[in-house]
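Chain naming follows the written order as A, B, C, D and E, and within any one chain the residues start at number 1.
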């Protein structure tokens, strides 16, 4: 296989990493919302931590997207 | 393998990333609905955060779709 | 491997994405039903959100199906 | 297959490790937030452990990113 | 395929092991924190066991990293 072909397969595989970040984000927001519906008064106070957790999880998905785009266009 | 063949396999693999986002969305809405059924009065107040979580999770799935379509039609 | 063979492998792999959406849908309806059985009176009021969550999760599975059909018939 | 091609496929596969760390981070923050919403007064006292858990989980994702970048640019 | 190429693919695949350890760490700390927030007074007494669980889980991720680096640089 030539490098020209391998990078296209690699870009496809890199998307699986995005899927994992998607699972994590769904779990994060799902549990937050379940807790927020049980105790809505406290939800605003935890919003900063929700955003922090969202940012670091989303970052891993964006890194995967970066690797995929890098493999398609830059290598 | 030639690049012509590799991109078709890569597009198929990229769909696994969509599957991960699907797992996340199901978990997100499932936990929200379980909480909303326990405390329906608070469900409207958390709807904005549900949509926010939905948007960032769906985005990762759409990125995977983008890579798949890119591999099929643009490379 | 020629492109003619690769697209058939790619179409098969794309189905894993449908499997992920299936996990998500199962989790979504499962948690909804658990909540609905605890508080059946509120279930009708959340039905709209259930359908919304179902639609966006199913969409990711349909996108994977689309890529699979595209790989078999259109490429 | 030449090493030139193999490293690009390897970089793509390394992204799956990032996805796993993403699943872990989502689960970590999700459960923390659910607990914090049930007992907001204690949330600040456990914040140090949240950050410790976040750091060691994120580290595994960053190691995967490191391997991916190493494979693309350094090998 | 030559051994020169195979070891680079192997290094990428080794990262999947890191991802699995990441899922485990997230689940470990997440469940600990949820329990610690329900009963904060007992959290300090269980901290030693948290660290023990963390160490053996992290070790598996580090072993994967070791194999990946070994494949790239030492073989």
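Quick note on the criterion: contacts are C-beta pairs under 8 Å (C-beta built on N, C-alpha and C of every residue); 3 or more make two chains touch, one makes a residue touch a chain.
Which protein is which chain? UniProt says A, B, C, D, E = ATP synthase subunit c.
Because the structure is a prediction, the values reported are computed rather than measured.
Trainee: Tell me, please, which chain's centre (mean of its C-alpha atoms) is farthest from the centre of chain D (ATP synthase subunit c)?
Mentor: Using the mean of the C-alpha atoms as each chain's centre, the farthest one from chain D (ATP synthase subunit c) is C.
Trainee: Which chain has its C-alpha centre farthest away from the C-alpha centre of chain E (ATP synthase subunit c)?
Mentor: Most distant chain from chain E (ATP synthase subunit c): C.
Trainee: Overlay chain A (ATP synthase subunit c) and chain E (ATP synthase subunit c) by their C-alpha atoms and let me know the rotation angle in degrees, rounded to the nearest 5.
Mentor: 70
Trainee: Once you find the CA centre of chain B (ATP synthase subunit c) and the CA centre of chain C (ATP synthase subunit c), what distance in Å lies between them?
Mentor: 10
Trainee: Need the CA-centroid distance for the pair chain C (ATP synthase subunit c) / chain D (ATP synthase subunit c), whole Å please.
Mentor: The answer is 26 Å.
Trainee: Taking each chain's centre as its mean C-alpha position, how far apart are chain C (ATP synthase subunit c) and chain E (ATP synthase subunit c) in Å?
Mentor: Result: the chain centres lie 30 Å from each other.
Trainee: Give the residues of chain D (ATP synthase subunit c) that touch two or more other chains, as numbers and ranges in rising order.
Mentor: Counting only residues that touch two or more other chains, chain D (ATP synthase subunit c) contributes 1-2, 5-6, 9-32, 34-36, 38, 43, 50, 54, 61, 64, 68.
Trainee: What does chain E (ATP synthase subunit c) use to touch chain D (ATP synthase subunit c) in their complex?
Mentor: For chain E (ATP synthase subunit c) paired with chain D (ATP synthase subunit c), touching residues are 1-2, 4-6, 8-38, 40, 43, 47, 50, 54, 58, 61, 64-65, 68-69, 72.
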